[in-house]
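Given below, in the form of structure tokens, are the structures.
Below are two complexes that have chain A in common, paired first with chain B and then with chain C.
This part shows the complex of A and B:
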């Protein structure tokens, strides 16, 4: 009995410090925020009061200002995520498939350089590039492409460029890992079986990279939705994001109750996106497995083979989910 | 047949061009910052004349140096603490008995920290630190550096844990079992077998925690205390007033130092016999 007990404890005891830390410095404070969201701001000098609990702050959250900022934020983060995906898919494919293996390490290291440059400093670089009296503006005017100085800084377009740039490496890395670990053998097999280049890409490489696509999209979407640094550097007053509204309630308005309610809404929304994405990925996987099933024309012999071919994406998908998780780690919710 | 060959090389060319364009895009703002750090003018954005004035005055600016030092100290502390927590958590998760419930719960809790927007972490930490430090009288929580380390660790532990779990999941537990069969105590087999095996994962996790802490702006701006302003928060407040070339100069210096340190790490890993792709993947934590 004691050995059994010890075995049980030895198994989980190692994780106790992690448990304790995450509960004490994450779960508890976040629970506190949820609690505050049911309170109110009694007077000018008090941040919150819990004497009367109500859903009043949530009603305040659903105001036209909040909703318009919310939709604007959502538009920027959806467009940003899709743009990152469109840029990163061919790029990751090129890096994983076309670049000779000897040079791959160096190029991958180069992709990581922006990642190791301070987030704000990179954004400042764009502020200089996009500024009306910057060198780009002058060059465009010089060759006659622009009649007046470049008018893009402090607009939504500038914010969009900035976020695409800032989160692009987080899309490239998991995609690269997924495409790289799919290996050259399957692509060669596909070519040997007579599939063209495009067919191989869409029926072999891309389906196998689905976990990478999913984790890349989440890695970009989640921090992007909460980010307000990029927007306030490049968008000025036109770049108000939802995170900024939440921060303002705490840093300027000193209304913790309302700020907490906004934060809870933001958090639940992000969580909902993650769940929906995961479900969507499962559906897509099922469809791929169903539609992409390879039926070999020859009689009985082909039976088991066809089965194996169809099962393959699912099987290696599991392995890649692991890779995708470590991909998740890579990016981390960056700055 | 010739037509087919030509079409193939066309898509290939397009891919190589795309690769080059994306690299240009990735390096454009960094190149601009490096270039503008040699701006002798008063304002960063308007290039005046070429010179190293910004480096000289940046290194003499006590506020800037203090904030860079704060960031480096916080990042070191975070790397240490998050790596210890992540190593324990990651190994425990990878070696958990099948069917146990706690690994699922712990993974869910850690995943939750990853999907929580940073601003939520920030607003949750601030009142919590006030409660602990002022109301409960735990004075360390009033120290700016301590606060930064605690807060940064809370949001990087999940990443470190997952990196180490991924590393350990790929290694058979039979080695540890063999050590115990040979008479090693549980602690001894952990210290002499498990930890060295987890080595690359631990290293990648520490590097990742260090980077995340160094880069963190939003969370830091909530928990910071006067006298302990980390470097990104300093830059963010400077953006609102006026940006001087010193910011670019110090950032360039930090970038060069970071790259040198990483190159050194890569060299050490190469000496120990890893391929270049492996090294980069290790450093990126995947």
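This part shows the complex of A and C:
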């Protein structure tokens, strides 16, 4: 055995849990789904058959029904992600910057409490809240904001509210971590240099929290796009999302081939949205950087007195010390 | 460049009855301090003495519980940090990691809406001044500690503050680099004429750079004076012990002849301190011991004279000791001497060509009355 192979074997043995998990519970199922998407449903009692490979299922997917659900899903996902971002940014800022460290643990726990409850149960809870004879409806009518019972359950708006509620913690957590890790020191430095609270937020805190914004958006957008529980519970017939269609094909219609094709399209589409958004973000970042950049007068050493020791009093052992400093700090003598 | 960065507008700070409590515990106790325009002032003290709290109140990061901070005729006490004409060099530099060196230095000028062209020029000057011009496009993460410190200095000075605050800026540098930066910083301060307030717990650093040193302990100022004053005429036993090496021994006042004390110490040593002249800043306001009191006697290691013993000393200001250890420290030789059973005395003599005294020898330790300081406070 070559040492290289041994090394590979040794390393892969240590990482066995990770790659085994990725292989058997991610790569393989995804590959299977892709494979099934080229098959067909031969009869009522068989979920799929691979005897004849075709792109037929994909043609079925690109139907007007599917596309309209697709657009609706996209809208719910984008609005949901943006709404989570808009709600989470001030909250995470407050938690990371304003709340004394001793109380953060409790508040973070409160953010996470809904996660300890079953996803389906807490979504069902919103049925009660949003129902026409629920307490919200009655309260709104009581104070005269609504003339008739609240008519929002089983609509796209209900699904929208439901997904924002369900995915908000996934946005708050990475944002909080990112804003917290930037630390109080940089904010103090910013204030020291003359920036007020808002400028410090937009020039220091938020740019440094970019990784948190990115991971928060991914954590919310990707699962939200595939969510079907929220849509089924709160959307009824009007709030259909793409995940429902996929689940429907697998569970009710027992058409694994068509369901797989839908799932593949959903995955590719999600990926495309992420890539396009990332590219856009990079372009915006480059533009901001270009606009705000400082133009130094040209010439490496501007001015006649820019040399190493020229701006210091002559004589004494200082020059020697100076030369030593510049040697130590720049890695080689210059000037 | 000196035309734009100096001469600074007078940065005269006056601090009156400043008091700060954290959760009921006083960090600064009713402190008064006048800082002169253009001076290099060190706040020196052990950790927890309140020096950083004081600096943070001047910067505006902490709000005083009571008291007033004035810059010239401007009341800074309740002014938010971002409005104060004061800039800070932070202990860990606090450079913005998402900006280049040039953007870091330009940050303060952008906040004050300086014209873009002027920003470029002033950033250029500031970076040239700290010899970091060719690193303008690097990001802070690519710089060494010493380089980051220079950038932090440029970022603060480019705003032409009236007062520059430095919060232990050298503590992350290695010793050699630190000593070189001390020289450089002092020269820079002289040239710019900006008031520097430098916080440190390193007494050598304070002695090397300051025009005046403020020695702090337990939220109070213990002494204000030049490096020489706090070293040679400490106003209490804390300062005497904190600055430089010091020998402390206990002694009893045997007689007091109109201010001329006679003290008896370990091994029946007689100590005759020279009476302090009236008006000596080291003696002013100090409690006077009376006969029978136990006092603390301080004698600097470098003021002791050693010679091989030829008998028991009969004169005062001398004692017999045994050399327990000799260490060569480069410019000085340090002896650890044992007097009696367990009194350790340090002695430092300049290195000479003569062979150092051998260990386990009995030596006669002598000193002058003028080098003896007597304290009756609790250390």
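In this section, the second predicted complex is superposed on the first by the 258 of 335 C-alpha atoms of A that agree within 3 Å, B and C clash if a C-alpha of one lies under 4 Å from a C-alpha of the other, contacts with A are read in each partner's own complex, and residues count from 1 in each chain.
Keep in mind that, in the parts below, a contact is a pair of C-beta atoms (placed from the backbone, for glycine too) under 8 Å apart; a residue touches a chain by one contact, two chains touch by 3 or more.
Just so you know, these numbers come straight off a predicted model, no measurement behind them.
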In the superposed arrangement, does A:63 touch chain B (first), chain C (second), both or neither? neither
Ask   = Looking at the overlay, does A:195 come into contact with chain B only (first), chain C only (second), both, or neither?
value = second
Query: In the superposed arrangement, does A:226 touch chain B (first), chain C (second), both or neither?
result: first
In this superposition, the partner of chain A with more touched residues, chain B or chain C, is B
Requested in this report: Go through the superposed model and pick first if A:204 touches only chain B, second if only chain C, both, or neither.
Outcome: second
- Query: Does chain B (first) or chain C (second) touch A:46, or do both, or does neither?
  - Reply: neither
*asked:* Let me test your reading of the model: by the given contact rule, A:54 touches which partner, first (chain B), second (chain C), both or neither?
replied: neither
The shared contact residues of chain A with chain B and chain C are 322, 325-326, 328-330, 334
The residues of chain C that touch chain A in their complex are 1-2, 59-61, 80-83, 86-88, 90, 92, 94-98, 102-103, 105-108, 110-112, 116-117, 119-121, 123-125, 127-129, 131, 133-134, 136, 144, 146-147, 150, 155-156, 159, 176-177, 179-181, 183-184, 187, 191
Chain B residues touching chain A in their complex are 8, 11-12, 15-16, 18-19, 22-23, 25-33, 36, 44-47, 84-86, 88-89, 91-93, 95-97, 100, 102-103, 106, 109-110, 112-128, 131, 150-151, 153-163, 166, 169, 186, 208, 211-212, 214-218, 221-222, 231-232, 235-236, 239, 243, 247-248, 251, 254-255, 258-259, 262, 266, 275-281, 283-286
Chain A residues touching chain B in their complex are 7-8, 10-19, 21-23, 25-30, 32-33, 36, 87, 90-91, 93-95, 98-99, 101-102, 104-129, 131, 133-135, 165, 168-169, 173-174, 177, 180, 197, 218, 222-223, 225-229, 232-233, 243, 246-247, 250-251, 256, 259-260, 263, 266-267, 270-271, 274, 322-323, 325-330, 332-335
Counting only contacts in the complex, chain A reaches chain C at residues 185-186, 188-196, 199, 203-204, 207-208, 292-297, 300-303, 305-306, 308, 311-313, 318, 321-322, 324-326, 328-330, 334
